[in-house]
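Each structure below appears as structure tokens.
Presented sequentially are two complexes of chain A, the first with chain B as partner and the second with chain C.
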Partner chain A sequence: MRAGFASQIAALLGLFVLWEVCVRVFDVAPHNMPAASAVLRDMAANTDLIGRGIVRTLSETLIGFAIGAAIGFVFGSAFAVSRALERLLFPLFIVSQAIPVIAFGALVVMWLGNDIWSKVAIAAYLTAFPVTVNTCRGMQAVDPQRVALLRSFGAGAWVLYWRLRVPYALPSIAAALKLGISLGLIGAIVGEWFGDTVGLGIMLLQAMYNENLPRVWSVILVCGAIGILLYSAFEAIERRWIWWKQEI
Partner chain B sequence: MGGPAASAAPPMLQLTNLSKTFESSHGTVVALERVGIEIGRGEFVTVVGPSGCGKSTLFNILAGLAEPDAGAQILYNGEPRKAPELLGKVAFMPQRDLLLPWRRVVDNAILPLQVEGVPRAEALKRAEPLFSEFGLAGFERHYPQQLSGGMRQRVALMRTFLFERDLTLLDEPFGALDALTRSLMQRWLLEVWQRHQRTILFITHDVEEAIFLGDRVLVMTARPGRIKLVLDVPLARPRPASMLTSPEFIDLKRQVLAAIEEESIKSFQQVAET
Partner chain C sequence: MRGFLFAAAGPLLVVALWEAIVRALVVPVYVLPAPSAIVLKVWTDLPALLGGLSTTLMEASIGYAIGAAGALILAMLFVLYPRLERVALPALVALNSVPVVAFAPVALLWFGSGPASKIAMVTIAVGFAVFVNAHQGLCSVDESAANLLRSFGAGPLRLMVLLRLPAALPSIMNGLRVAVVRSMIIAIVAEMLGAVSGLGWTIFESTQQMDFLRAWAAIAVASAASMAWYGLVNWIDHRFVFWR
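So, the complex of A and B:
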């Protein structure tokens, strides 16, 4: 575990060194690819700006993720419990996902205004779908013999739901949450492109217009780091708390 | 229909005219046909029969999970009951242990109590003295996947016993265990039964097991499932393992096997004719 982590850090550092060396040796033009040191210098010089961007984008991601996961859980549960509801609404969910989220972006900004909530909405929208699908599928896969056993104990629908369906579906929900948090981050970044003043997405856009290549790379690295950290956090939660597998 | 001697209290369970037919795309299957059973209070009755004889259907009905065809009568504790009214009234242990992998041994054992609404602390207090009796002392905090098959089965049995009901249904609880563990578990079950004074209906494939455990053995036929033979087992209790080779035991075994044999040949011929 520890050793694996150390070697991963070493590999990352090695990559930075390789990057630096390649740029210097092959004398790559800075407007094509800045040196690693230039990117790190840019980061060091703009910690304040980047810090504010991180706080903003991370808030959008986490709030959007939480709302999306809650929506997904509620709808997924409802679809699992009611076949009729699933037949009625599930196709709508699929269709909604077939439309690229960018197409909705303008609409969301017009409805919710150009502040944090429009980004939250887009992050939530992206998170909700996988969570809905996996909650529903996980709960539908519940072992009918275990349902029968709990019913023979006198369990009603509510007890069955909380004591059996929810824990039974948790491994599959956890998988969706890992996907959802990554999608939520994308949603937040893309959401900022529709206009804002703070956030990593908007920093990326500004850097692109100013052809500030070190800044573009700074933001890319920061976004990557956030993505990895969020994913690892959920992976750790899953390993610690949701380690059982669905038995067939 | 043989039964226990008439007494003031009504029998624990009285089934009359219990039939169950399933409609499927391949036609109608009669799983149970006019089954009649009477079980006295504190009795240990075993049901033996070929696979597909409707034993599990019978248990599902008694556990309240399936409804019999119209015309059946179920008297539970002397009162007429519809099958769904038996949900939560009968302690039912299916073939598979069906432990919940996210619950520790203790929490699996107290599950039925929690379903009833007993607070966890109270349920734990009730479960505590049973762990050593069920050979699970020291394993309370383990998860099911850390246990052997025999231990998992004991957890499932403990769960069933903690769900204190007048009638306990055990569906081949030792079917998946090796012969040695199995015979240990049988003797242990008899001890537990005698101490707790429960009424048990026990399904098995195994003729020896049926005779060794039961006060009475019911032999069922395959498709349609009927009661073919009701055999009293007059062997004294407690029953030592050596009883399995006594002449009385062998004689009972011969009678049960003869009844099953006749049935097997019949169902074989049915298959051949069609």
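So, the complex of A and C:
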């Protein structure tokens, strides 16, 4: 859904204006929907708190994502190389996805403490599956003729892996990483609901309990901004480093 | 049959290992209960758990239906009216960037603690997943096929029904499949923030009361239901989308 950077910014600004106008014109009660100006004012007045929340939630997301992606890459490669391993362990991964890990949150907090690591664990758990699937499928989709060609040049398993399977799999891995970073953010936010003192998820929860709607919406806006930032960052990396997406 | 046995071997092995470790190390129930204890708890608490399951399933399925239908209609409208798409798409993309769970407090404040807020949450989560796939599927039609139909005098509506929809069906089914798992999870997460019944609320309440065995039993029931529902959607996909 690329619509040009400038027009996207314009559309967002238009949305804000529309929001403000609607609230004023329809005289919407502040406890139903705060005015855009009220939300922005709240954001400006609490930059310190929001800043700390961003740092915490972002680090949970990124660390969890990194761990989950690493696990996914390792397992995906293992599954692609060994069919026996795949048939044995892959169903396990599928079952693990049916289990609402987010429901686990309280248990994870009990195991890993009320600190950053329980959120990291949830984010990693959510990221690992898509990365595993896409790594495995991407590597398995290698054209057997190319494999035969490389082998005829005397390529060993290691070369075959790094020079053929990995580049082949990178486009689908990239897709999984983009999904994974969004899931990691969700995992971090929900993980914070189970108990913590700082973080965007906690701010959201506290704002809800205090019925502080401007705060709720400012956190929502911040989360959205982070979501866009992370996704765009990965898109940019993908465009720069994995440019062969269409050629395979 | 052999394939199924092989597939079941992994999870069964893990369950067996789990049981063995818990017994050997005498792990306390509140840290990690044995699978046998969980199964027993599910059995003894079955009426209550099934009651919670029916609430959660109701919320998830109603939200799923509304979300999927709404998303499909919206995607079709966007293709039929490009002006609408140009105006509304950036708004949708912006909303989509917000992690859906962040909207949960708003849903609860607007719709209260009853099922309505959960249905609303599932609707937007499913809606986004299905819309992205449907929109992509409807737009990526072979231009020459579209031109052929146009040369026979087909208007945009006919084009939609005869060409775009069938071509988009694999993408749509993909979106529907992804949305199935999300709907259960979102319903459960929304219930954890505040509800009167449902599996998520059961899990939340059990952890508050430190009755972790009950929480595990509810999680087991939720997982089984998710897998069953996912299997159902998969079956529908195989049965009715034969031209992939």
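The rule is short, and it goes like this: the second predicted complex is superposed on the first by the 242 of 248 C-alpha atoms of A that agree within 3 Å, B and C clash if a C-alpha of one lies under 4 Å from a C-alpha of the other, contacts with A are read in each partner's own complex, and residues count from 1 in each chain.
The rule is simple: contacts are C-beta pairs under 8 Å (C-beta built on N, C-alpha and C of every residue); 3 or more make two chains touch, one makes a residue touch a chain.
These numbers were taken from a predicted model, which means no experiment stands behind them.
Undergrad: Following the superposition defined at the top, how do chain B and chain C come out on chain A, clash or fit?
TA: fit
Undergrad: With the two complexes superposed on chain A, say which partner A:L149 touches: chain B (first), chain C (second), both, or neither.
TA: first
Undergrad: Could you work out the angle between chain B and chain C as seen from chain A, using CA centres and rounding to the nearest 10 degrees?
TA: 100
Undergrad: Between chain B and chain C, whom does A:Q97 touch in the aligned arrangement: first, second, both, or neither?
TA: A:Q97: touches chain C, not chain B.
Undergrad: Between chain B (first) and chain C (second), which, if any, makes contact with A:L164: first, second, both or neither?
TA: So A:L164 only meets chain B here.
Undergrad: In the superposed arrangement, which partner chain does A:A106 touch: chain B (first), chain C (second), both, or neither?
TA: After superposition on chain A, A:A106 lies in contact with chain C alone.
Undergrad: Return first, second, both or neither, reflecting whether A:R83 touches chain B, chain C, both chains, or no partner chain.
TA: In the superposition, A:R83 contacts neither chain B nor chain C.
Undergrad: Applying the document's definition of touching, compare chain B and chain C: which contacts more of chain A?
TA: So, of the two partners, C touches more residues of chain A.
Undergrad: In the overlay, answer first, second, both or neither for which of chain B and chain C A:I220 touches.
TA: Only chain C is touched by A:I220; chain B is not.
Undergrad: Regarding the shared-chain residue A:W244, is it in contact with chain B (first), chain C (second), both, or neither?
TA: After superposition on chain A, A:W244 lies in contact with chain B alone.
Undergrad: If you've got the overlay open, could you tell me the nearest Cα approach between chain B and chain C in whole angstrom?
TA: Least C-alpha distance after superposition: 21 Å.
Undergrad: Under the contact rule defined above, give the chain A residues that sit at the interface with chain B and also at the interface with chain C.
TA: On chain A, the chain B and chain C contacts do not overlap at all.
Undergrad: Considering only the defined contacts, which chain A positions touch chain B in the complex?
TA: 143, 145-146, 148-155, 159, 163-164, 167, 170, 244-245, 247
Undergrad: Could you list, by residue number, the parts of chain C that touch chain A in their complex?
TA: 3, 6-11, 13-14, 30-31, 86-87, 89-91, 93-95, 97-103, 105-106, 108-110, 135, 181, 184-185, 188-189, 192-193, 199-200, 203-204, 207, 212, 215-216, 218-219, 222-223, 226-227, 230
Undergrad: Along chain A, where are the residues that touch chain C in the complex?
TA: Against chain C, chain A makes touches at 1, 3, 7-8, 11-12, 15, 31-32, 87-92, 95, 97-100, 102-107, 110-111, 182, 185-186, 189-190, 193, 204-205, 207-208, 211, 213, 216-217, 219-221, 223-225, 227-228, 231.
Undergrad: Please give the residue numbers of chain B that touch chain A in the complex, ascending.
TA: Interface residues on the chain B side: 60, 63-65, 87-90, 92, 94, 96, 98, 100-102, 111-112, 114-116, 145, 163.
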